[in-house]
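Order as written gives the chain letters A, B and C; numbering starts at 1 within each chain.
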Amino acid sequence: MSFLSVKQLHKSYGSTMIFQDIEFSAKQGELVTLLGPSGCGKSTLLRCLAGLTPVNGGRILLDGQDIAALSPQKRGIAMVFQSYALFPNMTVAQNVAFGLKMQKVDRQTLIRRTAEAVELVELKGFEGRYPHQLSGGQCQRVALARSLVTRPRLLLLDEPLSALDARIRRHLREQIRSLQQELNLTTLFVTHDQEEALTMSDRIVLMQEGRIVQSGDAETLYTAPATLFAAGFMGNYNILDAAQASALLGHNFGQQVAIRPESIRINASEGPSAEIIGHTLLGNVIRYRVRTMGIELLVDVLNHDASALRTRGTHVTLGIDLSAAREVA
Amino acid sequence: MSNASRSVSLYHRLVVWLLFLILLLPLAATLLYSLATQWSATLLPSGLTLKWYAALWSDSRFLIAFGHSLVVCVGALLLAIFLVLPLMFVIAYHFPRLDALMNVLILLPFAVPPVVSSVGLLQLYAGGPLPLIGTPWILIGCYFTIALPFMYRAISNNLQALNVHDLMDAAHLLGASTFRAALLVVLPNLRKGLMVALFLSFSFLIGEFVFANILVGARYETLQVYLYNMRNGSGHFTSALVISYFLVVLIVTWAASGLSRDKS
Amino acid sequence: MKGKWLATLCLLPFLIFFCAFQIAPLIWIAVNSLKSLDGWGLGNFSEILGSPFYRQAMRFSLEISVWSSVLGLLIAVLGSYSLRQVDSRLRDFVTAFANMTSNFAGVPLAFAFIILLGFNGCLTLLLKQAGLIEDFNLYSKNGLILIYTYFQIPLGVLLLYPAFDALREDWREAASLLGASTWHFWRHIGLPVLTPALLGTFIILLANALGAYATVYALTTGNFNVVPVRIAALVSGDIFLDPNLASALAMLLVILMTVITFTHQWLLRRSYHVKR
């Protein structure tokens, strides 16, 4: 039984379609990521779920209740904005307490729950600060505390990490995930970053131009992209046309084929021979560019020994398992 | 520092001091005149006194005129707040496209000098259903239009820096109605900008003469009209009046700049 | 939708007041400028343009406005550029002072100038004793240009000071590394960058001077022949009143101001903006 289920949702401005036929669901306590390039409609979809933007049709079932017609105040949904949207005239504590104040919670409870929420995001001692006195990461944590304090049924996160630098982003990502699991809070997370999506989600909903392209768990989306777009978005897939793939793999393909760079070996005992034409160091991985039969391929190899680096012009033998190749539409 | 750059910096200091002196000169002369026992056909006054200020501040006609000016200016500014704040919020939140129209409309008070507006106002409100000529009400209305461009610009800059939409959305999701969200979240953030705009508007509204003289005149004498009507009296007395007026302006603009520095 | 209705309702009070005190008088003028004793038509306008008296008023208005704007702009350019180069304490002080003196106009200014430069003004006497001038008449066209220039200076400084933001110090450094002299820098970079701001400021000053009434009225008790004085005399003078003729004269001024304002807006849009 799914806790959130979205059915046949569609939205357009005049004749401009923003998204249509949106169907997905989330179980209680799941973190579902809406992934897609900017302009694919994922942020608007999130705003529609929150009730900030009206939809043209479809149903949003939350805990068995259709909330599509409710005002945002009555949905019991919290949202963390990309811009944080902290109230600049209020301190951290006042920001966090705002939702409780609107619910007319009594004073004792308000103080206690505010303190709890502030502690939850590790901001104890910052209660009296104003947003402009905080760093970006701290602001985002205040925004998170402010959304959690009202104990929402559903938490929406709109690219909450995109304005932060890489190190803080990684740290905050883990913090959000563990908080979400701890509180067993059903969460929708919008991002355009596939790495973020893969590391955080129970399930990923991949969107393109207002439609859902593929949805499933992270593993499936990464290893079994359904379309060319999914393959391109989820990793640095090598995309070969049917003829190239047939020649390279000795098997008859009817469609384009996607092969992940890490599923190709360059030290096979037999297979097509290739020439190294360049490499990029990605830290723990070396990404080679190789040419074979007039096709350029990317090959990822674990970087365990500096002396093992193949220089430009070296000839190698490629090993490609047929099972690693995926036909995509 | 080389010789050349030293002389360049000396030049700039000189220009700035000269600018200051030019701006200061009429004020300084007036100040000296207001403190002089007598000063005619000589370079410097013959003695100094505060008697002109004493005479001025015990003149009931002056105090009444000053009161009139305060009533009209404060009234106009209150009216402006009452009219402009809801307007600006609604434009920022609901009708952002109206902003372009407003930016044209607020040019009108600037493009149409008071002397021109007065021609129409005199005929429209001399009698008929709204006989406002000769009353402070017409000044409150007119001063609202003068203050409008400044208020609008100041608040508009503030609003743009605020990201009203996200703040309102966040407040809505946390359970606030639109009215409460506007009151608790948006308005407090506009307070300082609004205060600066109010102080600055006040400092030039209290110096307004054209509307006051043509539309109302002696029937509700304001500070500037009183000053003009005293032109045939003692120059020392009017100088004391000018300096007193300027002191008020000084205090108000000083407060405004203090507020705006505070902000950053 | 209920929200939109309420929102529209919020616009209403503003619209009513703005119409009553800004739009309605303007419309009244526009309509009545076309009405004269002989009925509807352009009679008022041809009367004004045919009368040497009104033509003189327009000439004086333009001369005083243009000259005071040019002089005011010149002083403001030199002043505000130097203001940027001096230490911050002096700069803040003089800027704040200019800010305050921008309110020093109209009746108080006229009185101050009478004390300073009237027939028995202290500066007049000083300059006479030094033998620098024979005589000086504050109540003449040149006197008015002087007093107008005075109230243009602070306005010009306040408008131009931020415009120098557009002139970044690293451009000058870049130019000098490329071999440009100070003169070359101003000729090829400084002036072109500042031109829209300079023109824009000039236009505001011009509009400011054209509409100015209080100063000249207080100085000459309405005896100097410029357009605003003529307009006021036709509606509130004591000799002869002709609101329709006043409307026509006012319309001419409004048309001029409109052209000026739109030119200014156009220039603003063209000026260089520096991202902060």
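The rule is simple: contacts are C-beta pairs under 8 Å (C-beta built on N, C-alpha and C of every residue); 3 or more make two chains touch, one makes a residue touch a chain.
What you see is a predicted model, and the numbers here were worked out from it, not measured in a lab.
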The chains touching both chain A and chain B are none
Mind having a look at which chain is the central one, using mean CA positions?
B
From chain B, which chain is the farthest off, judged by mean CA positions?
A
Just how far, in Å, is the C-alpha centre of chain B from the one of chain A?
54
Compute the distance, rounded to whole Å, between the mean C-alpha positions of chain B and chain C.
17
Can you work out the whole-Å distance between the CA centroids of chain A and chain C?
58
For chain A, jot down the residues that touch at least 2 other chains.
none
Per the touch rule above, chain B residues touching chain A in the complex are 162-163, 166-167, 169-177, 180, 184-185, 188-189, 191
Given the complex with chain B, which residues does chain C contribute to the contact?
3-4, 7-8, 10-11, 13-14, 17-18, 20-29, 32, 75, 78-79, 82-83, 85-86, 90-91, 94, 96-101, 103-109, 111-116, 120-123, 125-126, 129, 150, 153-154, 157, 207, 210-214, 217-218, 221, 228, 231-232, 234-236, 243, 246-247, 250, 253-254, 257-258, 260-261, 265
Within their complex, chain A touches chain B through residues 47, 50-52, 71-73, 75, 77-79, 81, 83, 85, 87-89, 98-99, 102-103, 146-147, 150
In the complex, the residues of chain B that touch chain C are 8-9, 11-13, 15-16, 19-20, 22-27, 29-30, 33, 39-44, 79, 82-84, 86-87, 89-91, 93-95, 105, 107-124, 138, 141-142, 144-145, 148, 178, 203-204, 207, 209-210, 213-214, 224, 227-228, 231, 235, 238-239, 242, 245-246, 249-250, 253-254, 257
